[in-house]
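After this come two complexes, each holding chain A, first together with chain B and then together with chain C.
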Partner chain A sequence: MTSSATKLPRRPSGRRGGVSAPNGWWALAFIAPATIGLLALYVWPFLRTVVDSFQDVPAFGPATWVGTDNYTALLHDPEFWQAFRNSALYTAIVLLGVPIAIALAALIEQVGRGRAIYRVLFFLPVVTLPVAIGMVWRFIYNGDFGLLNTVLSWVGVDGQYWVADPRFTIYAFGVVGIWMGLGINLIILGAGLTAIPKAVYEASALDGAGRVRQFFRITVPLLSPSIFFVTVLSVIGALQMFDLNFIMLRGVNNTALADSKTIVYLFYEKAFVQFHQGYGAAIAVVLLLVIMIATALQFRLQRSWVFYD
Partner chain B sequence: MTESTLRRGPRRARRWHLHLILAAAAAFMVVPFAWQLLTVFKSTAEVTRIPPTILPHGWSLHAFETFFDTVPFWSMFAVSAGALVLRVGGQVVVAALAGYAFARIPFRGRGLLHGLFLAMLMVPSQLFLIGQYGLIRDLELLDTLPALAIPGLFSAFGTFLMRQAFLSMPDDYEEAARLDGANPFQVFWHIMLPMARPTVAALAVLTGLYSWNDLLWPLIVSPSGENRPLSVGLAGLQGQFGTDYPTLMAGAFVCSIPLITVFLVLQRQFFAGIAGSGIKG
Partner chain C sequence: MKRRWIAATALAAAVTLLSACSGQSDGASGEKVTLTYANWSEDQTPAMQQIADEFQKANPDITIKVQTLPWTEYWTTLQVGAAGGTAPDAFWMLADHFREYAKGGQLVDMSDTVKANNIDLSVYPKAVSDSYTYDGKLFALPKDFDTNGIWYNKALFDAAGVKYPDDTWTWQDAQDAAKKLTDPAKGVFGIAAPIDAQGGFYNTILQAGGSIINADGTASDFGSPAGVEGLKFWTDLQAAKASPTLEQLSDTEAVSMFENQKVAMYFSGAYWALRFHNNAALKGKVDVAPLPQGVKRATVTSGIGNAGYAGSKHPEQLKKFLAFLGGSKAAEIQAATGTVLPAYKGTQQPWLDSMPEYKLQVFIDATDYSVPLPVAGNASEWQGLATQYLGPAWSGKKPVADAAKEYQTAVDQVLAKK
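For the complex of A and B:
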C-alpha cells in the first residue's frame, strides 16, 4: 500500500494511475461478486434466451435447432399480432398520462401549503401492491354492480362490461396505467420544475407574459429533459405491462382474455404455462427489439423538441 | 421571491381554482381506495345488489375474518419481508463494492466490463427470466425464499447508481485514510460508503419497492404456492374467491397496508429515491 503511494504521483494514484498489482487484486475482490452474479444471472440467461429462440425446447429432453422457425411462426401468429396491437394501444394510452402529469406537476408546484398532501395522495398507487390495484379496479369496472357503471347511470350513460368485453379492456387497463404511473411522473417532473430558475419567470412576468403563456413558453421547454425522461420510462414500462393483464382477466372464464393479452402476458403464457420455451424466447427477443426501436426513435425525435442548456 | 411577484392581485381567485383542479385529480386517485375500504365492511349480498349501496349498511367485519381464516397472511408477509431484506441488503453491498471499483480503482478491462454492465442495464427483465428460472430449478431452489431474492442481489442499475455516487466524491478523504494506512476495503467501508448514504437510501427504496411489488418472477418460481409472497398469494385469492368482493377487497387492503405505512413514515426517502434515479439514471 505504502509502496504504491510513494511510487506514484499523488493525485492520479487513485484514479487513473497505471495498473499496479495491489490495485488489481483489490479491484478483483470488489468487482467479483457483482460480475459473477451478472454473468450467471443476466448475461448467460440473456444469451440462452437468444439461443433458445432458434430452438425447439421441450419441457424434458434435449433441444433441437430449428433456425428461424419460431420467428416465422410468430410473425404468422394472429395471437402475437393481437398482443402486439394491445401493447401498442396500452402504451399510447399510458402516454396520455405524461401531459396530465406535466399539468398537475406545474399546479402542485404553485401550491404553497398542502403541496405535501397532494404529493402523498398521488403517490399512493406507487406503493400499493399492483395485484391489489388490479383487484380493486376489476371490481370498479364490474359490468353488473361496479362503481363506474353506477356513477355513469347517475348521469344517464349506459354501462359496459369494461373488462369482460374485449372492445374496452385495453382502454380500461390504460386508465389504470395512467393512474398508477402518475406518482412517479410527478416526482420526476417536480424535481425538474424546482430546478428552473425563478428569475426566468420574474423576467417574463415583467414583460407581461400571462400564466398560460409562461407555461408553454418557459415551463415546458425548460422542463423538456425531464419530460423526455418520463416519456421514455413510460413507454418502456408500458410495453412490459403484465400485472394488470394477469389480475384483471384472471379466472372466472373471461372470454376477453383471449383478445386482450399483452406481449409480456403472451410470453409468460408460452414460456411458463405451456412450456413452449423456444417460442416464448422468440417473443422475448421481439419485445427487446420493439423496446429498442421505440427508445431509439424517441432519442432521434428528442433533437427537435428537447431543450438542453 | 417569485411567490410575491406571481401571487399578487387576482391570486386569491386563482388559488381557489388551483385547489379545485388538484382536489378533483386527487379525488380520482383516492376513490378506488375509498371504494375498496367501503366494500370491505359490506356483505356479499349487499355488494352485488343493483344498484349497489355506497355506504355499508351493517359495517360487518366478516370479510376480514374470512380473509385471515383462509389465507396464511403472516407467513406470506414474512416471505415478502424476508425476500425484501435479503435482496435490498445484498444488492446494496454487492452494487456498492462494484460501483466503488468502477469509479475509483483503475484496473485492466474496467471500461469493457463497465460496458457489459451498461448493456445489461438496457435489456428488459423478461429476457433473463427463462435462464434465471432454469438456474433456480437446477439448484432445486423453486418454492424457497432465496429463489425470490437471488437474481435481485445483482443489479446493473444498482452498480451504475453507486458508481455515479462514488465518481462525484472528492479524493481528499480517501487519500487521507490511505496515508493513515487503511487498506482499500477499509477506505471503502469506513469512509466512502457512509458518504454515499443518500444514494444507498435511494437504491434501497427503489429495490425494496420493486421487490415488494413484483409479481412475475415470484409467480414463476413459486409453482407449488409454498413460500409465496403477498403478491402471489393475493393473486391466488382472486382465483379462490372469484366474486366474494368484500373478502377480495379485505385481502387487497390488508396486503397493501405494510408498504403504505412504510411510505408514510419514510416519504422523504421515497421521493428522493425516485427523483435521484431520474437525475442520475
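For the complex of A and C:
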C-alpha cells in the first residue's frame, strides 16, 4: 500500500464561485425569515436581559435603574455560589459521558447488522420530553419504593434517598444527564467514526497493532475533532440544566432543594417565583459569561489535543 | 434560559394567534366575544366547564373557553402573559400571589361590579374576601375556601385499637394516638409531619396562642415562645418517629402516603375530599375530624379567588362573567359536583351531601375559629424559606428555638424589603 492511499481526504479548499449581486438579493430574501426570527427570539430578549440586569424589575410596572447593584448582590449571595458549585459539579459528571460515548460509539461501529437499532435505542431519550424523563427517574430514585433501591437491595446495598438527600442529588441528576446526552453524542461520534478511512486500520493491522492499540492510537486521535465538538456541546448543555432540577425535586417542600439548585433553577426562582426579574437577569448574564469563558477555554486547550487533518 | 424564553415567546405567540382567531369571529357577527378562563386543576375542570356552559346559556354572545394549565406552568404563564398583554381574561388567583398582581395594576377592580350587581359581600367568608382586597379595593370574588381538619384512616385506627379523633381532642391526644398508631413492622406511621405551613405549623402556632405575621405585615413571630411551641408539636412527632422522615415525605408526598395507607392521620384541607372519595381503595376507611386544640382552637383559612385581567379586550363582558363566577349559581355547581367547598354562604349543603360518608361539616364549623392565611409582603419569597430553615429542627440537628429564631430573621429580612 502506498503512502498516498493512506492519505486522509482533504477538505475542498479555495473560494467558491463569486456571488453576483442579483443572487445576493435572493439569498438575503431567503434568509430573512430566519434572521427576523433570530432577531426577535434571540437578540431582542438577550438585549432586554442585559438591560434588565442593571435594573430593579418588579413583576409588573416600571423598572428602576440600579446600576451594578444586582451584580454586587449576586457576588455576595451564598445561594448563587452554591448554585454555581452545583452546576459545575453536574457539568463535570456529564462530561464523564463523553468517554462513555466514545467507547460505545466504537463498539456500535463494530456491530455489523442492527447498528441502527442500537443508535435508535440510545437516541430515544433525546427525543423524549425532559419532563417525562424527570418524572420517570423520580420514581426510579424514590427512596422507599424506587427501582434503584430495590435493585440495590438484591445485592445487599442500603438504598438512599437519592433525590431528597442533598448529598446525592447532583450525582443523581448527573447520571440522568449522561444518559440523556448519550444519543446525540453517539450520533456525532458515529458520524466521525465512519469518516475514518478503513485503510488506516488495515495498515496498522499489518504493522501488528491490536484492537486496543488501534482504538487509542487511531480512533481517538482521528475522532478528536468530533470529541471536541461533543465536549463543547455537553458543557454548554450541562451549565444550562434546569428541567431535571425542576421536575425531580418538585413536590411539597423537598428537603434537598435548598442545597441542590442549579444556576438556571436559581434564575427561574428569582425571576418567576420571587418576582425579582432584574436579579434573575443578572444571573442569566453571568451564566452567559461563564459559558463563554468555559467555551473559549476549551477552544484554547484544543490546540494541544485535537488533531485536524 | 434560552429555552425558557423561547417557550415563553412561543406561548405568547400561540396565545396571540388564538386571540387573533377569536377576534375575527368577533368582527363577523358584530358582538360575539370569546373569553378565556384559566385554572390549574384537572380535577376541577369539569365543574369549571359546567359553570361556563351555564353562563353561556344566559349570555349567548359570550363564549367561554376553559383553559387548564399544569400547576408547574400556571404562574409563569400568567406572569409572562400579564406582562405581555396576552394573559387569560379570567383566571384563578391565590392570596399569596395576589398582592404582586394587584400592586402591578394587572387585575380588574371589582368594586363597581359589586355595586352595580348588588353583590352582598357578607356571603363570603371575610377572611377570604379580605385576602383579595388591596388598597381598600376588591380585586377577586372568592370562589371557594378551605379550613383544616384531621383526615384519618379508620382501618388503621381500628387495627391499633385507638379511638377515632373527635372534637374533644387536645394536642396530647393527637401525640399519644400518633405514637400508638405507628407500627414500624408494617411500615405504618401515626401521622404525616412534613414542613407544611398551611396544613401544619401555622395552625399549631395559632393554637399555641401565637401569631405568624404581625398585623401591619412588617415582622414574623416564629421565634416567640408560642411560635416555638407550635413548631415543637411537629418536631416532637418527628423525634418520636411517629411520622415518615422529611426525606420520605420529599419522595412521596404526605397526601400520597395517606392514600397508600402508610400514615393514619394527615392534617390538611377540605380540598382533598373529592380525591379521597374517588379513591376506591379508601372506600369506607376515611373520615375527618376537627384539628386538636392547644391553648385554643385555630386553623388558617384561605380560598381561591376569581380574578380578571386588566388588559382584557372585553372588559364589560369579563365583569359580567366574573360576577357570575362569584354568584350562587356557580357556587351551587361546585358544591353539587363535590368539587370544592364553595365560598358562597348557603350553597354548601350540596357539597356536604355529595360525600355523605365524611363529616365534612367539620370544615364549615372551623370557620368560627379560622384566621386568614398570612400573606404579607413578597409572600412567595418568604414562604420558600421554610424548608431550608426549619429542616434542621425537623431532623433533630438543631434545637427548635434556634431554628425558629433564624427562620424569623430570614423572613423578617424579606418583609423589610418594601
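Just so it is clear, the second predicted complex is superposed on the first by the 268 of 309 C-alpha atoms of A that agree within 3 Å, B and C clash if a C-alpha of one lies under 4 Å from a C-alpha of the other, contacts with A are read in each partner's own complex, and residues count from 1 in each chain.
To be clear about the criterion, a contact is a pair of C-beta atoms (placed from the backbone, for glycine too) under 8 Å apart; a residue touches a chain by one contact, two chains touch by 3 or more.
Since the structure is predicted, the reported quantities are computational estimates derived from the model, not experimental observations.
K.L.:
Touching A:Phe242 in the superposition: chain B (first), chain C (second), both, neither?
P.N.:
A:Phe242: touches chain B and chain C.
K.L.:
Could you tell me if A:Val264 is touching chain B, chain C, both of them or neither one (first, second, both, neither)?
P.N.:
both
K.L.:
By the touch definition at the top of the document, which applies to A:Ala256: first (chain B), second (chain C), both, or neither?
P.N.:
second
K.L.:
Which partner, once the models are overlaid, touches more of chain A's residues, chain C or chain B?
P.N.:
Residues of chain A touched, chain B against chain C: more for B.
K.L.:
Give one of first, second, both or neither to describe whether A:Pro58 is in contact with chain B, with chain C, with both, or with none.
P.N.:
In the superposition, A:Pro58 contacts chain C only.
K.L.:
Once chain A of both complexes is superposed, is A:Tyr42 in touch with chain B (first), chain C (second), both, or neither?
P.N.:
both
K.L.:
Touching A:Thr72, do we find chain B (first), chain C (second), both, or neither?
P.N.:
So A:Thr72 meets neither chain B nor chain C here.
K.L.:
When the two structures are overlaid on chain A, which partner does A:Arg119 contact: first (chain B), second (chain C), both, or neither?
P.N.:
Once the two structures are laid over each other on A, A:Arg119 reaches chain B alone.
K.L.:
Could you tell me if A:Tyr161 is touching chain B, chain C, both of them or neither one (first, second, both, neither)?
P.N.:
The answer is second: A:Tyr161 touches chain C but not chain B.
K.L.:
Go through the superposed model and pick first if A:Ile31 touches only chain B, second if only chain C, both, or neither.
P.N.:
first
K.L.:
Quick check on the output: what are the common chain A residues between the chain B footprint and the chain C footprint?
P.N.:
Looking at chain A, the two contact sets intersect at 40-42, 45, 144-145, 240, 242, 246, 250-252, 264, 267-268, 272, 284, 287.
K.L.:
Under the definition above, what is the set of chain A residues touching chain C in their complex?
P.N.:
Going by the criterion above, the answer is residues 40-42, 45, 58-61, 138, 141-146, 161, 163-165, 240, 242, 246, 249-258, 264, 267-269, 272-276, 284, 287.
K.L.:
Name, in rising order, each residue of chain A that touches chain B in their complex.
P.N.:
For this pair, the touching residues of chain A are 1-2, 5, 10-11, 13-19, 23-24, 26-31, 33-35, 37-38, 40-49, 52, 104, 107-108, 110-112, 114, 116, 118-133, 135-137, 139-140, 144-145, 147, 150, 153, 179, 182, 184, 187-188, 190-191, 198, 201-202, 205, 211, 226, 229, 236, 239-240, 242-243, 246-247, 250-252, 264, 267-268, 271-272, 277, 280-281, 284-285, 287-288, 291-292.
K.L.:
Show which residues of chain C lie in contact with chain A when the two form their complex.
P.N.:
Counting only chain C, the residues touching chain A are 1-6, 9, 72, 75-76, 79, 82-83, 100-101, 103-106, 194-196, 246-254, 378, 380-381, 384, 386-388, 391.
K.L.:
For chain B, which residues are in contact with chain A within the complex?
P.N.:
Within the complex, chain B contacts chain A at residues 1-3, 5-6, 14, 18-19, 21-22, 25-26, 28-33, 35-36, 39, 47-52, 94-95, 97-98, 100-102, 104-108, 110, 113, 116-117, 120, 122-135, 150-151, 153-154, 156, 159, 171, 174-175, 178-179, 181, 183-185, 188, 209, 212-213, 215-216, 219-220, 230-231, 234-235, 238-239, 242-243, 245, 248-249, 251-253, 255-256, 259-260, 262-264, 267, 270-271, 274-275, 278-279.
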